[in-house]
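Two complexes, one shared chain (subunit A), two partners (subunit B, subunit C).
Let's turn to the complex of A and B:
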């Protein structure tokens, strides 16, 4: 036994899980797929006396189509999102982002809720969910609430969830008319390594011009970044002048740090390269006019 | 906490007492003596501890054994009948897709899951599916060839049935 002994508690409802988490406070932790938690406990970086098993709660792994989007239960696996016909049809960029996580075994086990709650700065899915305006439903000792994903990530491995509060599902609105989205990830090391950085982009066009551009980035700050201040692209072509302005705005909003996947300088350069590639892939006509 | 669980492994029910903190890898190797399940990276990245969980590949190094009750677990030992090699094993042998063979059980189970899910995968799909299985000696080209040989064999077997 590598992990220090603990009790696995298996609640049958969300209310029961929340009661257990509140009762045991810092001694307890929720476990979704466990792909991150178990590894960190094996390494003894984390230690708990109780794990509250969210897989034992029925009904949390549904993926459902709604009038204005798609709802994904916290316990849906990455693989089920990647392969879901509903998501591939309505939100292909989301299927793409989840399909890029680690390897097929990780995706088969890891849950959507665990991915977001883990709040690693390099995760693949958050940028794609951010450009689409995803919203989290959470449930805790003080009841249910909604948290826009853009307000969810608070710092490195820190989220807006309160003690005892659980992520229940994530709602992703449909894509606006005449829009296209893409997620590109750049790995500086082996192909299934964590990304050095990830870029999600969505372009909406109107009358042959850009109506809206949304960009979100992973790996280039302590949290995933949804880029602000891009409204100036409205009614423009995305020519070199405008592109330069976009890249300048982005450069101000990121704060990459040097690690084994690249220096700060390198990550700033590669961010620009991948934003250009993402936009070119979406709408080269808007660039060329 | 200690608890008694029933694990369904290779079509057999195994009743054992485990600790909640035991990983499936530890239980399969140390308790059930299924030596084909091997630890290498211990963090989900290499695939040498791969088992099939309800037909899908999983890393037994990051699964808690206590949470795998009620699922069908298959290790390499569960593939053949003990007398003859399974056709995916045969394909690996005929294509020289192994050297030290430490990684081979994980590869073979992943290939089984791949061909069950996608009977006619593209080169890209094979590469994608096996990207998380690492081999440090044989060479991936031989492994990719073995997948194609196994695929043909599977098709001809299905045809006979």
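Let's turn to the complex of A and C:
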């Protein structure tokens, strides 16, 4: 299939890009790595007269260590996140989640900003970023603003970004002391397939007990889900009683729908299995560590 | 084998180098000056009447050469608007109505592909939706919507001569087999087992999607470059459809980028031909991957199977097989027939009743798929065989071995089997997987199990292959054959056969690629038939040349021709290599010149005897058989239902191997394709709309899905009439994978899945149902 002809606009700055997007309104769309947008345009499911090429703006692909975390530019590729020494050291769960997307050819091209702005409910990175409390910087016709990632996903393929507004970077805070995080992806069919679901978990320990548990899931609702209401685990041992309570809380907050990768019933079952596995894995790591 | 120089050697493929270096020619690489590109508008409705098409805006677009509809084709004198190998039921473009979502409706040829697709967006079609049928069991009921109001047999193939014009029904073909007294055997049985099995539609996913290029040459002859497994048939079909003499049609097929049955018979060729005839320009149509999914599929099949057991033995079997052939019959009737008659299995069962129905539905047409329907029927009978063995406390391997047919016994059709290594295959499979050893104890959430499956396919009979061998004065040879090299290694195999017969080296043989101007007729490159049929034809043609050479040498050296042999590029007296002549010397002796060639043609045409239409009995229903067995060891995660295949052993009786490594590769390639088909591949439809028609959503097995260990075992039971004893190997590895894995899963966790694919969810659901409660999620591995 072919793409209808379009003009590729190459702004040299964010401000210029925003101006172009505002000027052309619904006729224009920003393009990062293009791995999803181009497929949809080839299928002629989406058609734009103008594509605003964010790759032509210098500096948007930086990955930098900051005093309280790591900042990843919107145009950094999945592959660069996966291989970044900074991220592998400080936030290995982020490197792991990005390494699970698509295949190496896709990851070499697909951008971090594109991944988040696409807001697909089953992508691997969002759950990992959600448990770490990531925050998005956006820039639009009305200036710059910060959006916590947990408020960013509004629906299937819908985000908090306003027309003409661009995702500039994502800031990920450092992990708390004595904490470990893990991302488990489960593909129910071919190992190469989209995940049936993904579970990210972070456990912080203090004096041999749980200080904090964070859980986030992909694939089990129209958006990635950051689980609320887990504060009751503070100062608890993660024993079977507590586990049952955790699973009950999670089950209330997910709303999986049946698709090619599993029925609602199956996704609820697998959510429980993989939350157990994620927590068990972290628990043993923390005990060993 | 005694005294063979190159047959039986695992030489490397002659096509490997051009392929891995990217120099092999494929149709998609051919560009011609002024070439037009095609885009096709497809029906969004599974069944609808076409009320009106407005194409005026598309026609007005600069660069668009033609915008064509089926109604226009139907008005063309001397053009048959419909084609098809069993029934002429498939329109080149939809005429009056569409029969599936994806049915081609309007075609555009334009100077580039984008423009052609732009033009399609300007075409407006007004449809009136009609009642549709999507389920094969519903389609056979009298209340069902009718897909076609009339059936038109095609008469293109001898083995389909009995296909008849049907009544007002979606059943386009019904095969019957009756032997013994089935009712009585069931009445007298100790136990009766009745089960229903299904396997879904799936796609072949060849690396190279369909592509066809057609142009008229300087003599206005039709030239067709096409990615096809059946160049001879394409010429016949185009001649019949357009009324063009056969010698004015030239069909060429370069290296094919995989076929697996998807590229048989006619596909894009009639449409591209008509566009080339209208525009007088070269026209190429290359399917997108998404269109590939809307063009041809593996048959969805539902099989009801009943088996009577008396004193621990199978005494009777009743099979009802329903083939969902989709909107157009394609080759469905042949599949319903050839696979239908094998659907009780390779066993000694005195009473058998088979009804095999080929049924239209409003879904994507189904056709040949590696195994030609036999994997679907083995899925049913071998799964049930295993279930019965377990139910009556018999060892599943012994339960198969005991009634497995021996050489000289009659198959269910009454045909005496020969070269039938089914027992050898079962034994090899059982041994390879250490069947009799105790199973490993479950570890955490993981349980292991082993499974064996066995089955047999019969080769398409009758069919025809012709070959011409041309010997050059320098001792090299050209072989003219319409067998398509599609990755199966035919070029190397034919080269080995001809080299052996003429006593020359493989490098001295060149296989000419299919070109109907030069290469003789061949039925199809499919069905594991080429090594036997084309191999025999090429060998016989080479033998004729050798006989001519020997005649000259015999006269010159005053020896008996029978005492002469070919080897090392010479003809010499057996045991006395120095007493002989080179090809050059023979040519000089015979022709007084080196500027000539020696050519010979041969045809291999095995016959079948008449099959009784009421009982399916035939003295000879097939030329040869492909016994297959697969052994699998699996590990099932009882919390998720996920299956990991640890070991997969594919065993096939291929006859004598011309090239043992090729046979092993064929067994493994077929088995690994069917691994994906067993565990996750399925074309999912919602009210006739394909839901997962792209490689984003339809996954085939990849390296990441491979078992920890895969192993081919070639059983060689020579066939008395095969070239050097060979049969074929292309499909054997495909036949028994699915039941072997299902049987291993039951062995591991005690649940039986009867509907392919065996997804993790189906297993977890079955485990949950078995426990009567939610599966214990408490037992984490930590």
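Note that in this section the second predicted complex is superposed on the first by the 282 of 289 C-alpha atoms of A that agree within 3 Å, B and C clash if a C-alpha of one lies under 4 Å from a C-alpha of the other, contacts with A are read in each partner's own complex, and residues count from 1 in each chain.
By our rule, a residue touches a chain if its C-beta (ideal position, glycine included) is under 8 Å from a C-beta of that chain, and two chains touch if they have at least 3 such contacts.
These figures come from a predicted structure and were not determined experimentally.
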Which of subunit B and subunit C A:273 touches, first, second, both or neither: second
Which of subunit B and subunit C A:39 touches, first, second, both or neither: both
Subunit B versus subunit C as contact partner of A:231, first or second or both or neither: neither
Subunit B versus subunit C as contact partner of A:207, first or second or both or neither: neither
Touching partner for A:53 - first (subunit B), second (subunit C), both, neither: first
First (subunit B), second (subunit C), both or neither touched by A:189: second
Touched partner set for A:6, first subunit B, second subunit C, both or neither: first
Touching partner for A:240 - first (subunit B), second (subunit C), both, neither: second
Subunit B and subunit C footprints on subunit A, overlapping residues: 1-5, 39, 191-192
Residue ranges of subunit A in contact with subunit C within the complex: 1-5, 39, 43-44, 186, 188-194, 240, 260, 262-263, 265-266, 269-270, 272-273, 276-277, 280-281, 283-284
Interface residues, subunit B side, partner subunit A - complex: 1, 19-23, 26, 42-45, 47, 50, 53, 56-59, 61-64, 66-67, 110, 128-129, 131-133
Sites on subunit C touched by subunit A in the complex: 113-114, 117-118, 121, 288, 290, 639-640, 642, 676, 679-680, 684, 691-692, 696-697, 699-702, 704-705, 759-761, 764-765, 774-775, 777-778, 780-782
Interfacial residue positions of subunit A with respect to subunit B in the complex: 1-8, 34-35, 38-39, 41-42, 51, 53, 55, 79, 102-106, 108-109, 191-192
